[in-house]
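So, here's a batch of structures to check.
What follows is chain A paired twice: with chain B in the first complex and chain C in the second.
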Partner chain A sequence: MIPSLASRHSWFEATARKRIAGLLDPGSFTEILPPAASTPSPHLAKLDLPGAFDDGIVIGCGQLEKQPIFIAAQEGQFIGGAVGEIHGAKLVGLLKRAVREKPAAVLLLIDSGGVRLHEANAGLIAISEIMRAVLATRAAGVPVLALIGGSCGAFGGMGIVAKLCSAILISEEGRLALSGPEVIETVAGVEEFDSKDRALVWRVTGGKHRYLMGDCAMLVEDDVSAFRAAATAFLADWQEPAPSVGLLRATQRQLENRLTAYGAYRDGLQIWAALGVTNPESVPLLDRDSLVALKEGLPT
Partner chain B sequence: MKLNDILDALFPAGHTVRVANQVITGVAQTAQGTVAVLGTTDAAAIDHAMALALSGYILDTLEQHPGRPLVFLVDTCGQALSRSQELLCLNGSLAHLAQCVDLARRQGHPSLSLVTANAVSGGFLSFGLMADRCYALADAQVRVMDLKAMARVTKIAHERLLELAISSPIFAPGAENYRRMGGIEAIWERPSAGLLEAALGQGARADERTEDRRIALGAERGGRNLAAAILQTVDSALAAA
Partner chain C sequence: MEKLNFQFESVPALPAADPALCGVVGSGNLEILLNAGDAPNLCVVEIKTAARGFADTWQAVIGAFAAAHPAGGTRIAINDMGATPAVVSLRLAQALAEYQGGVQ
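So, the complex of A and B:
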């Protein structure tokens, strides 16, 4: 059911705290290291930049349909949700706790451009620690879900982290990639990637494309309660598999086949046509339900 | 330093290594027996094909040679920058590679990486930083971005960044900065069979090898002091799920 416009709360526009409040059971969230108990990044202060008490990430525990959940939400409005030393350590700490306490799931509300350049080395090492901690959490049998639909998307190291999760739930507004279009344009030229061409950026990195390609498990309306419903539905059906060569072999084959089939393409339109979409130009105009129906009807 | 000279210095007892599309795969002999040797050369910009060549070789090793140590040679300028690469979700292939390195650890394959020349952002994250331990040659370049580009993006004067870089390891390029922060275990003056074998020998105890100790190491070395305290606080915070 699509909520009426009046009752919709855009995930894209919500703050990290609003997303958590709307996602979890009302009143169930307890923040770990709340702003009152924290200090802003001294590294930013050294550069005369304003810090944030939560360093751009909110972490804690709560419940989703009465199931115990660990949750982390990045605040895209603070330096693009980028990962610095404190920010990264909060997330690593939460995941380490999850290995021990085994909640029903960890939800990562990603809204980040990746490494925080002002703390570049600390950020890069922290992303590596997050990567290992996500896999350790999953290996302990705890699913880790990535939810993507904020203004910063999931880029750089956080794009890699997202793809290490059990699954990704993404909205049409969500974007997922490694290098940002601006970076590619700066280095390789505007002919390679015109970052001002919003429609093109979206056809390459946007939620619909990632969902059609199978890189994201679910496409979700840009609505906080839709994300809640999707996360609940996903977890109800999901049993975290033990890491194995067999699973990674299957992924390896799939990625190799995909590279052979689509490696020369440069636009989502080309891939969607090759996937069997009869009218690829219509994809950007489809609403969420029609797109999901289209994907389910595609030849496999 | 040429790849062959590095290989000769690391593996005087012999190595059979193939390089294709800047991807290194092969085996070498050490005092601890045969090891798998893999990685990238000539400042490779990691793309789907390279990532999948590496992950495929790791999976072959896991299937055919249980327990065989993995030695990664890292020389990458980062990830390939192109629209077609992003169209196929490059972060997904890099994540797959990282997952293969992680699975090797879980299945009892000790691993180490050696940065031979360049280690930059996404390329470094996908395998070099995923090994049990990461080492770097003294003249290796390790970074997210060079200071000039960083000045442009952050809109902070280059001179100011240069000045701050002297006292803080937090953002300026350099293997030594990564060592002080715990991301790099040790710096080697030159590639050496003795250092390699000592490093491989360190992986004897499985719990030592599999535990990610980089935050603690960064605190011990005084290069990264906040993370350890945050970890401790999060760990002991009263919050019940």
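So, the complex of A and C:
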């Protein structure tokens, strides 16, 4: 086997617990509400479905290059990483604690389709509480970083939460959007969006597209140590800005300009061409380093 | 969902301070939480499974595990999403190994 492959640990393939173990300094992680002390979802039990001891999210404290870090990781294999009442409460609790204790950062390892439909009302309330808590944490000067590269991506409410974070680090495998491809197809028809067309799904929601559009601060290889290196490098250079109306207005203007420029397009290929990429068909085949070089060479 | 409870006699396991967790409640998979139990010669098992009607299979698989491994003095809780008997056996062995010394 090629040594570089043997030593590689895919973020996409890893469970939530393996991601945390590989991301933080070895042995530094202390879980809050570990499985033996946690309660599975009462809503799932009422629907006669088995829950998970940790309700699909692992939260706790640890260190990244000796800096104190709070971390939460969603388990995409359990009901698509969807947010239920306990799942959401654990994340909100962690963020509230971050406001008090001010770690160097909070890392959100997002792998979620959004609200858990089995407990939709509680899940929707949980998402709004998470949104508020992310903003409160950032307002307290603590950066909140979203790491996206799991099989469920970041969709629905967790897509919104990701965009409220200080920054997003994403792999090519990662996806970020509001409504998921299947949802769009169900609501608006296959002519609007063909969710079976995986290449199209990635050209519209995938990590490379999000990075080219400036939605994500960094594009990262699908590798646990690459995510660790990226998070470390990002935090070393980052100073959380004080919240201001001016900053919000500037973002709003940017988004309006983006809608005017690209709103009529149907596919990432068209948008990349409009961005100034000379050979947009080549983008899906580029490796990570080549794509980063391509973005850095684009006209601004 | 079906809830099943079993207990089997088994050679005492090495007692450990911390519970062990392995697996994920995903399709064709299960999670196992292994805690210290009360009776040193008993392996007490509580199962919640999405697949109904497999009580005999569970009994056979866990009975074989308790006979082949020192699993006495443990309390095992399982959340299952349709794991096959082979996966269940592997996860049980993995959970016991991690419980007794963090062996992967």
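By our rule, the second predicted complex is superposed on the first by the 297 of 300 C-alpha atoms of A that agree within 3 Å, B and C clash if a C-alpha of one lies under 4 Å from a C-alpha of the other, contacts with A are read in each partner's own complex, and residues count from 1 in each chain.
As a convention for this text, contacts are C-beta pairs under 8 Å (C-beta built on N, C-alpha and C of every residue); 3 or more make two chains touch, one makes a residue touch a chain.
Since we're looking at a predicted model, the values are computed, not measured.
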For A:G189, is the partner it touches chain B (first), chain C (second), both, or none of the two (neither)?
neither
Kindly classify A:G141 by the partners it touches after superposition: chain B alone (first), chain C alone (second), both, or neither?
neither
Touching partner for A:P241 - first (chain B), second (chain C), both, neither
neither
Of the two partner chains, chain B (first) and chain C (second), which one does A:V204 touch, if any: first, second, both, or neither?
first
Between chain B and chain C, more residues of chain A are touched by B
With both complexes superposed on chain A, which partner does A:G123 reach: first (chain B), second (chain C), both or neither?
first
Using the touch definition from the top, say if A:T15 reaches chain B (first), chain C (second), both or neither.
second
Looking at A:A36, would you say it contacts chain B, chain C, both, or neither? Reply first, second, both or neither.
second
Overlap of the chain B and chain C interfaces on chain A comprises residues none
For the chain A and chain B complex, residues of the former touching the latter
30-33, 37, 41-43, 46-47, 59-63, 68-70, 85-86, 88-90, 92-94, 96-97, 101, 103, 115, 117-129, 131-133, 135-136, 139, 156-157, 159-164, 176-179, 181, 183-184, 187-188, 192-193, 204-205, 209-210, 213, 215, 243-245, 248-249, 251-252, 255-256, 258-259, 262-268, 271
Note: in the complex, chain A contacts chain C through residues 15, 34-36, 40, 45, 48-53, 56, 75, 77-78
List the residues on chain B that touch chain A in their complex, please.
48-49, 52, 55-56, 59, 62-63, 79, 81-96, 98-100, 102-103, 106-107, 121-122, 124-126, 129-130, 143-145, 150, 153-154, 156, 160, 164, 168-172, 177-178, 181-183, 212, 214-215, 218, 224, 226-228, 230-231, 233-235, 237, 239-241
Parts of chain C lying in touch with chain A, wherever the complex brings them together
1, 19, 21, 24-27, 29, 31, 33, 35, 48-50, 77, 79-81
